[in-house]
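What follows is a structure written as structure tokens; I'll ask about it next.
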């Protein structure tokens, strides 16, 4: 039976300009949906995992469409709620060459930010679940969201579910009167795995360190449940050409994945989420180094797919890990 | 020299599903802009008038695109301001046959609603202006907007500019703690022409009347500056087939335009604004009855054009008024 | 708790030319899916019912996409199987005016036609189910399909589930060596409700009758479980303009719905399936005459929506039944 | 063996705005080709006739594309020449409802207008040909074109080929120093069949008459080879709704076809050419009255098809003539 | 007078997802046609050659559209037949970066596979023909197709026409009970030129060899009519970036073309067919080494063009061979 | 207050094939506008400059659309005239890889070429203007255009406005009986800055020189007002990959910008105009070397944007100059 993963977080409607048109040029938008945590769930669903996402949408047809999107992508929507508020949005202009991609967020006063989640039956939500994933975006949105997440973490932890947190510090959020250091440490405490770099550590865990490895050891000391810390290292040669590798600290040493040349990029949004999904799949099915390679290869493939979500299968990722069937014409 | 008309009001980005797709089906949106008052300005600009629109947009690329839209449509944007807040949005699903069209508004916390307009140089704005047009949507948005509009009306009135107000009562707005009756009468008092039906009169002017004509006489008594009251009478046989005529009360009698059969409708949004633009053009250039016919024919043609704005020329409207070149293939 | 409906049948990928282009003109196809029974399930899902569809697809990405389509439309896919064979296809050219719409079927050797369904756990499939719907297309496809359907009917009948069958005689199918009269009577025997006209009765039930009512009484005599027989009466003035009403025989009299003028048709495929879905909803929630009106109004609204499926809500249908909000602009 | 028809004339690239967008709105054009005479050839090719078109294009990729268009439509291009000059263009804005469609021509200095056709092997062109069709547009373009046409007519006449001419007087052409009356009579003299109304007769044949029938008798007197004169009678209720019938004078009486209601028009350009193609087919295969009905039904169906050309088969036209399969869903 | 080339083979409708969308994402398909042999004919037609293709399509509008496609591309369709069976299809998902392109074939029971070709007048087909090209796909489809091809080869050989065969071994075909070694040797025997690599040689000619050159000499021994053997050597760095060169064995030595870096690939399907077309053109007009360079440059340019067919002119290929006008903006 | 720049020149409608389709494939064109001088004005408008363009269009809806395009792009259109003649057009096929892009011009007999400009109030046009830019395309179009330009230069010079001229020699123009050497020297004489390479110098200034620097010194001698001469050096590795740097001679030495690798090119048309706009901005606001870097970085970014115009802001160019935010995802 396939492993079961639950995620929680806001999903926004994504409105993307056509081709490489700039905002000022484009008279039509491609419509899809995205959210850091749901992107992880969707990617895991394509890997054949059983997934469920907890979120809230406005109670009108755009909210219904967002739910339909999750269902289409094989994510269970039994714990999708409808609540007062807007549909969170983000507008995306795809860059190319030296020109950067640009996002305009329009997510304040969303149904998710207003949602108190008081009636979520967390015991039911976590029944049979193997892994719970959250990100630092959720507690940055509202006190309601932070409280809801804390409850979720307490119950997941009690049930012995593995927990990963992508710290994902966003300076533009955290508008509701709390600072990350008020909130994040209590949440990170429940994590087995965290994703972050030094900026994240500093802002959300109060860790000052000269380099990432020092920070990892420091994190382990302060948050003893943490077993793995990971991040990707990306070099942006241009919007069309990046280099990427994954780095994993396992408590005693740092593992590095292969470095990939990612050129002719189609869509880099969600590349980090694809990495995390790959890593979760890897931790559930593979050895450490192979898990890391799987995560990085997942992320690489995401860059070839339009939209936020990484629509690839395990076999495709494995092929890339083993340098098989790369860039062919498969009949 | 062409007449000069100034309008004020919020402009929203309009996101329309493709063809006759429902919200749940559509994976792309056509992007344009619309606002009741700007629609009037744009239509008048196509009639060759000199027009200017006063509004505020967020200070990012979507606000810039909205300004570019106005410029493209020949509306002067010297008094477009950039301010904190969102881009107001509305999502449109085009109906057909018996299925209604549906709009989801997403306009709260917009730059326009936040904008205090304190620095608008109204004397400059109204220099050389012949006509000022506003609608009841503006004071329904925020106290800021209501205050700004009042100032505009005071100065326009002082300068002897003709003033028209489309009462346009919207139950879903008026969320900032004031009721229409707190605000609207003081604004309507400056109008030479108003557009409204009995519901508008009741909610915004405290006029109870059995029929529209009685209400007109009552309005005249309460608001002695009013010289004309007008409305359209629309029968919706289906989303694709309406019937329409214009009705004008001139202080002593009620004039009726021809009734048009509007079938094979392309886009009915903005039909009322097209009527008002036609009427303003008519009052500035034509006799009463002809002005009314011009207004109704303008509105009819709008239904054949995608988007909020009525992109037709004076000659085209005149041809329809005189039943010339109707539905031909003009080489 | 919402009622639960199960359907069974083949789903084809539908490839539609752009706009009103003919096959010879069109260089792109819109891709969606359709099947008489799944169309019913999807429509019921939009009405808020709990629905499940039993079918088989080829085990490749097009089959996966078909499953995703069902999920997106809120139909449960726990009993979707992957099997050897093709993805059934149909090509659609949308007519207009006097020019008919045209379908080219390409469904032979499909996974569904090959599927033996031996391992379907029918007891589980029918757990908690209130209604089971099938059509005469399934037994016309292959002996395998006919056998599978018979087993389904036996168990559904045993569990006391209401059963409806749309006879839907198709001369072009029935290619596997059996005639409809070899197979259909045994299946129709389990039905509480059937959909058909005299041609269907003659070919599938061996009933010769002068008019439809006589045939109904005859059917009742030969198939005593039948309680209701229904059909729609459609007049095709053109591909863009039809008239439609529903007719229901309830064992003792014939009820007629209102007749609707359906003009400016967007897509008439699936109009009959929308009628049946409406009728099933009606039988489960409404009185006889109201059920019939609900069914006909459902079918009418379908003609305004691109694709096979009727994506309307109960409130929308009810509004049309009560002539409310018809063809308006709903804000 | 199928009958063989030859046509001659200019073909323009047609650039059409999207949907019902106006010129000022549209940021993309649909690209196809059209010309009164080639439209006739293409329609006849769809009827299974053997057709050939004589014309000239510029010697670059747009000219090559025009040739490819003819080939694709089953018209023989052995007598397509490449010559100095532009690709003739026309821009089309599709009207709807009361709003007319509009054409902007951009055809001066085209390759066809410059082409002298000196080397066309007319004897070869007309080998085995049953019917030759031309229009008054060709001699209106340039002296070169008029001369070339005269030579063609002389040889076609000598070979006993049936000849039809669509007089098609266009005030905007005839810019090269000759008037229609200088040129047209000599060309019309070769015709067995002409298409025209009183305006055409007056401008191109110097016939003044009170009504069309009088004009026909007068034409017969002045141009004794003429056996048939025909025209359509179109009433434009709107751009989306016309009424149409065909009228044929056979030398002794006037025949009328059924009158058709053409509503929900997709594209009316080429409706007249479709009529002529239908009539030519009719004259070659049917009795007089049936030929006329075939012509009118051909023209009706054209209005349902995007582009200039009438892409329908004989069976489809015949079905409409006999009121069979009209506006159905044909499986 | 231009050289005349005849090809034979199945043509499939190609349905391609939009942009770089995956099958599961794409809701529209681009429609074109392709087949290994027809691709060669089309490319040669763009080189100005006279070409004809022998094939069979189903007798409905999709078959007609396929014929229209060939005509549009300047290929003669006098020997296109309509026969019972399906339109062969293939679905294409365009890869990018490390993600491979994927094809789902749906070609069984096609009209071509059923077609017996008994009435093809081969003597007429080959009148005036200089070159005949076939591939190993045809005999792999059905016994009918293999028999038809054998007859064609016998007559072409008798008439002294040059014959090329692309061995093109496809494991997924050969489903009708014969193995390649039962059929292929008899066909290859007629060839002057073959295209293949060691896998092809082993499966279809029973040649085991350590390297390609050895295999060539062995082939020459077993099939003495063969004068040239060729293949391309492709390195897939990614789906967007390949390297390519052509290799030609002329009976005594191996020639190599320049190696090209092909990056920013638009569409690599048909790259091999473009190579063969280039080589045939080269053999008919150029010296050996230049022919090989022409072939490779042809193939390179194909990768820049959407669809199966290589729509380039001789001058464009020659320019690339001579490193002239490469990647410029030509006005 | 922002600087004010005026440009003069023809603007053509640009019709671009879809994606990378060739002319023969594409059935739709993207519609935009472009002209060497207007491209400069538009780019400067995006930099926040006040810009105005002097030109003439035909007096129909395509001319109106061209004006709307300029307005949308923030260019003042007070000196746009409507005149007899055609809308100039150019057709663009976007290359990729080794395949070049191709332009077919269709600009003869345009309104601009016919326009005599006699009534242009040059004194008003140049009121408050800081910079005037022209190109050698204008005097190459017609005597009228050359005369109009000369008048403009005389007045601009008299008013002490800085003048730049892009020599831009086009062999295909100059069809009205004058040679460049008859006309250009008199115009170049007014320039402070010229853009050109040795071919331009030879054809338009009668300067023969071995290298570009020698030519610059020679130009300075012959045209003593010239202070700066500039050009870009572009290496076309393929249509998708170029290398570019800017070169500036300042009267005493040659400055070089950084060399950029421009790969994954979206649209290279207008790259030179973007360079000039950047240089003008630079001369008005920056030091020499920084101005040159700004110009080159502007040009680089243009290659990432569809259409002729460079829609980037000063900050974006500055970021690239300083290697900041290059190819990122900016939130």
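Lettered A, B, C, D, E and F in written order, each chain numbered from 1.
By our rule, a residue touches a chain if its C-beta (ideal position, glycine included) is under 8 Å from a C-beta of that chain, and two chains touch if they have at least 3 such contacts.
To keep track of the chains, here are their UniProt names: A, B, C, D, E, F = 2-dehydro-3-deoxygluconokinase.
From a predicted model like this one, the values you see are computed outputs, not experimental measurements.
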item	value
Any chain that touches subunit E and subunit B	A, C, D, F
Interface with more contacting C-beta pairs, comparing A-E to D-F	A-E
Same vs different contact residues, subunit D with subunit E, by half of numbers used	same
Chain pair repeating A-B, as identified from E-F, D-E or D-F when over half of the contact pairs by residue number coincide	D-F
Centre-to-centre distance between subunit C and subunit B (centres being mean Cα positions), rounded to whole Å	45
Chain centre separation (subunit A, subunit C; CA means) in Å	41
Shared interface positions of subunit C, touching two or more other chains	22, 24, 27, 68, 102, 263-264
Graph class of chain-chain contacts, one of line, ring, star, complete, other	other
Of subunit A, residues touching subunit F in the complex	19-22, 24-25, 95-103, 105, 170, 172, 236-242, 263-264, 268-269
Complex interface listing, subunit D residues touching subunit F	15, 22-24, 26-32, 60-62, 64-65, 68, 86-87, 89, 91, 93, 102, 104, 106, 108-109
Residues of subunit B touching subunit F in the complex	68-69, 71-74
In the complex with subunit F, residue positions of subunit E that touch it	260, 262-266, 300-301, 303-307, 311-312, 316, 320, 325-331
